[in-house]
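Chain lettering (A, B, C and D) follows the sequence in which the chains are written, and residue indices restart at 1 in each chain.
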Amino acid sequence: MSGGAADDKRFDLIAIGRACIDLNAVEYNRPMEETMNFTKYVGGSPANIAIGVSRLGLRAGFIGKLADDQHGRFIKKYLSDAGVDTSQLIVDREGHKTGLAFTEIKSPEECSILMYRDLAADLYLKPEEVSEGYISQAHTLLVSGTALAQSPSREAVLKAIQFAKRQGVKVVFELDYRPYTWKSAEETAIYYSLVAEQSDIVIGTRDEYDVLENKAGGSNEETTGYLFRHKPELIVIKHGVDGSYAYTRAGDVIRAHAYRTKVLKTFGAGDSYASAFLYALAQGKDIETALKYGSASASIVVSRHSSSDALPQVEDIEAVIAGHLIANG
Amino acid sequence: MSGGAADDKRFDLIAIGRACIDLNAVEYNRPMEETMNFTKYVGGSPANIAIGVSRLGLRAGFIGKLADDQHGRFIKKYLSDAGVDTSQLIVDREGHKTGLAFTEIKSPEECSILMYRDLAADLYLKPEEVSEGYISQAHTLLVSGTALAQSPSREAVLKAIQFAKRQGVKVVFELDYRPYTWKSAEETAIYYSLVAEQSDIVIGTRDEYDVLENKAGGSNEETTGYLFRHKPELIVIKHGVDGSYAYTRAGDVIRAHAYRTKVLKTFGAGDSYASAFLYALAQGKDIETALKYGSASASIVVSRHSSSDALPQVEDIEAVIAGHLIANG
Amino acid sequence: MSGGAADDKRFDLIAIGRACIDLNAVEYNRPMEETMNFTKYVGGSPANIAIGVSRLGLRAGFIGKLADDQHGRFIKKYLSDAGVDTSQLIVDREGHKTGLAFTEIKSPEECSILMYRDLAADLYLKPEEVSEGYISQAHTLLVSGTALAQSPSREAVLKAIQFAKRQGVKVVFELDYRPYTWKSAEETAIYYSLVAEQSDIVIGTRDEYDVLENKAGGSNEETTGYLFRHKPELIVIKHGVDGSYAYTRAGDVIRAHAYRTKVLKTFGAGDSYASAFLYALAQGKDIETALKYGSASASIVVSRHSSSDALPQVEDIEAVIAGHLIANG
Amino acid sequence: MSGGAADDKRFDLIAIGRACIDLNAVEYNRPMEETMNFTKYVGGSPANIAIGVSRLGLRAGFIGKLADDQHGRFIKKYLSDAGVDTSQLIVDREGHKTGLAFTEIKSPEECSILMYRDLAADLYLKPEEVSEGYISQAHTLLVSGTALAQSPSREAVLKAIQFAKRQGVKVVFELDYRPYTWKSAEETAIYYSLVAEQSDIVIGTRDEYDVLENKAGGSNEETTGYLFRHKPELIVIKHGVDGSYAYTRAGDVIRAHAYRTKVLKTFGAGDSYASAFLYALAQGKDIETALKYGSASASIVVSRHSSSDALPQVEDIEAVIAGHLIANG
């Protein structure tokens, strides 16, 4: 991945998966029952990551499926305005809907999401709608775990990974686990492990790796021991305010601290982390620096109202790193 | 139906069917793609009618099913605060969602609704969740056509009608046709005619009667000729700004004009019409007066932002009638 | 209904519902696990009744849907060879299958059926595939309860009944209850009662009327008291070896005994009963005689291997009546 | 895989997938419409292979799901009588049915199957019903492609393969492609390639490899070139009467001829081929000999009425090889 000038590839990163609508409570610090007004934003982990890296200066594309309605058209325009290539945004013709997430912010520690994901258009992306030629134009394919939750989106992603491997495109797997839609813990673990084993970089929280392994209280040593027997070169495991760890196949372990911030809500932390981390790697920065970028970006987004509008510029991130206020430090 | 004092019945009207959420555009006179803020209201025709008659002073109850989430709890509290008995509001335990309606108001003439009705909790009310004892306590059972769109809600309503007939409770059928959810025009016509034939009063627009008969451009004469061969005593057919007609089995035809108003949007007109019309009948007013009440109430709601909050008081309605500004007059 | 010469109608009886395949154990008096060979017959209550009345000399037609495969073509040819009009047998184009019934005859008292009814083609007959013109050509429309078990077959039957009522065609409802396919006892009772209330003649076993009323141990008095408040003129309630009862709206109660026979299995008794009973009525015979025809025909079929091939000729039936060996007599 | 004496493993081969019922036409050389009698046999490729290797002397087990009915119990008893371990045959408790295959033999060249596979119990085997401990006791896990057609059976097989890889158990993939049940050619190719890439031995017809690659007219060179970039060590590609080819990762290509026989029908050829081929390998025979065993066994089964009962003994196979009558020779 590279944001540099001389380059035979058209994209630094192509993300595949869901793009949907967040309806964020205007009045917060209260239960949603008492919230009367909601503001609309683009949401969905891979969409946010595409927006995030684009805002930082990378060339990004998006593969996904949108409802044929006002929400779908809003999302397409937003992505396009953010500089993300939308040529592979398929419009659903079977009546599926845009996924919705109503956010509830009772307090910084108590956030929840009321999901509308039944028959969400993004889950109906078909394998035949994924183009090998398009994927071949990217340095990196970013895959989000939620897209594996249901057919045919599941098969579209498996196909995209097959294309990426054949075309020498790096696969980054953002675990992005959402319990909604998945039928069982067994099924989730099967597809998570199947994809993680075929990816070059895997990024997730410790809890998400436990989902991948279908067990409680897993250790980073076991996780990395298992995954390094397969394809991954780099594994990032996030531990919330306790910071994050990067493990390399060569045996290096690099830790980054979380930055102190005034937390409004926890939504969007993972997406902003991934976009800044991948941006830094694409810029040729070392892993330690990339982790700092990720942490700084996350600290900015959790202090703001939205997940997508809030994604920072490079200078915002570098200001946080320069300020080096470390959480739990 | 009677709002009077001495009465052996506990309720003037019990409505059965959906109660859901309207998300009304804060910024209107524009496409929804450009609307960024939405305000939350209770919606759904039978819920609005129950609220409407309760606000006018009748004793109302509601039979329905709510999602086990923040939206469901909001609806229950709103109905309860409006004076509607909520003892028969069943909480869904199977993960269904609250139905949503995002409203788009491009202009008074161009309004549309973006519906989220897939797997809506209200459609999962089961026949065994309907109580014959509860229905027996009402003068009138109000049935909304949308509840017939899918099993098991369809069977719950058929069962409720069976109970009403057995208990001597009048059945009012508000056609309330919403194309969403229905599989085919054939299926719609089958259940609409099946229920209309068993009802005492039928209320709908001319277009909705065409749906019931599964043909285009039907005439009021044919419609009433057909339905009076079955149970109905009173048939109300609404023709928008051209006013509405009531037909009685005895052969009377009464016309009412629509009232002039500054139309903001068309949503909610039918619900406010039905609630005021049924209120007036319950008060022992004659049909001509009841039609005026319906028209006046509709003219108030179409000039306001919401469908439920906007439902008027008796004095509001009577002021409009007294002002007698007639549309198309 | 009449089989007489001068007649402006084309059919004495049109049956609507399922036509499927019975696979009868060649080796019986043993569990099916030990049966290695099966013989193929046409099965399904309304198909058997159409074949039965045709064999007795009435002019019969059939409305149904067949799988587009070898079993479907076999059924069509069999019906046609039996003299039943097959012009309204729709061929399914959506990949549905012919329903199957493997019969197990452990002993005359212990018979069971292993049903294959998931996605059976007959349940996919659509209301728009039912012709009002065709139904108008019959004296009688025979409706079988199983066709009500699922959409869209359910709506096709409701539509056919609507046509029959509009065209002055008598509706005979053979309860034909099969637990398979139905979702709940509540749902079954709702549609059974809805159709029974609109029929001219209702025929079933005591157990089937209990299903219609959704209660255990119902009495004939209650059943007839309830149904005579609606459309039925004639109600036949069968009590197995204890014989059957016909109740008329005028208040007559006529009992018929069952005939003694060497019982091989109990399958097919109901279909043969209905076809002979309806034949006799069509011939202008009185109810008592018609009941005897039904009983005699049933006694013949239960002594034979199949349900359809075994349906008797008039002379077979009359020979049994003449022999007057009464079961439990 | 070894059938030898000193061995720390309990099973030579464990098969996973479907076990169902074949209903073979008693009267053949005619269309099924004219067939009145059917004989019942156990069917399903992996069940036949387990029976086949057991009959040849290997120790076999089976992992699958059976309907809770007479057909399910018949299958369990048949497998058990054939010496196959049935401890991992789960009984379905959700009302699914035994898969059926009615065979039609118009001529040796024109055979077809009428499948009943909707909601077949075998497709409902769940990943949590597959035991890692059980699989660890085998030399070889035989996977059949049809089990990948639908969830949750698909995930159960993916899980079994994960277990096998972790436990050092060889995976043999019998492509066994049946168009029925699969939703699309794209989806089929995705799961076929995913599993083939993880298998040690792959066996199929040229047509089945075309399905795996989702293209028409593929070449053996391309197929083996692709698969040898992944896990497979040995690839068998069958060309019907033109014989079969084995390709090794080391670059060897071994061809075997088909044996002349009086063909009754083509069903069962693949299963008998696989069982004899795998038996020979387990006996330590070289690949050329194993191919002959496969061909000889297939030539025997296609001349007999059933697929399972017809599976030969070792001496039958060796007699054919000794007779060396080669088809197309």
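One rule holds in what follows: contacts are C-beta pairs under 8 Å (C-beta built on N, C-alpha and C of every residue); 3 or more make two chains touch, one makes a residue touch a chain.
This is a predicted model, so every value here is computed, not measured.
Engineer: Using the contact definition stated above, find the chains touching both chain A and chain B.
Structural biologist: Neighbours common to chain A and chain B are absent.
Engineer: So which of A-D, B-C or C-D matches A-B, with over half of the contact pairs the same residue numbers?
Structural biologist: When the contact pairs of A-B are compared with those in A-D, B-C or C-D, C-D matches.
Engineer: Tell me which chain's centre, taken as the mean of its C-alpha atoms, is farthest from chain D.
Structural biologist: Greatest centre separation from chain D goes to chain B.
Engineer: Quick one: report the Å distance separating chain A from chain D, using the average Cα coordinate of each chain.
Structural biologist: 42
Engineer: Distance between chain B and chain D based on Cα centroids, please, to the nearest Å.
Structural biologist: Each chain's C-alpha centroid was found; their separation is 60 Å.
Engineer: Go ahead and note the Å separation of the Cα centroids belonging to chain C and chain D.
Structural biologist: Roughly 44 Å separates the two chain centres.
Engineer: So which bits of chain D are touching at least two other chains?
Structural biologist: Residue numbers touching two or more other chains: none in chain D.
Engineer: Using the definition of touching given at the top, classify the network of chains in this structure as line, ring, star, complete or other.
Structural biologist: ring
Engineer: Which chain pairs here would you call touching?
Structural biologist: So the chains that touch one another pair up as A-B, A-D, B-C, C-D.
Engineer: Tell me, which parts of chain A touch chain B in their complex?
Structural biologist: Touching chain B: residues 23, 26, 31-33, 35-40, 69-71, 73-74, 77, 97, 100, 102, 104, 114, 116, 118-119 of chain A.
Engineer: Enumerate the contact residues on chain C facing chain B in the complex.
Structural biologist: The contact residues of chain C facing chain B are 126-128, 151-152, 155, 158-159, 162, 183-184, 186-187, 190-191, 193-194.
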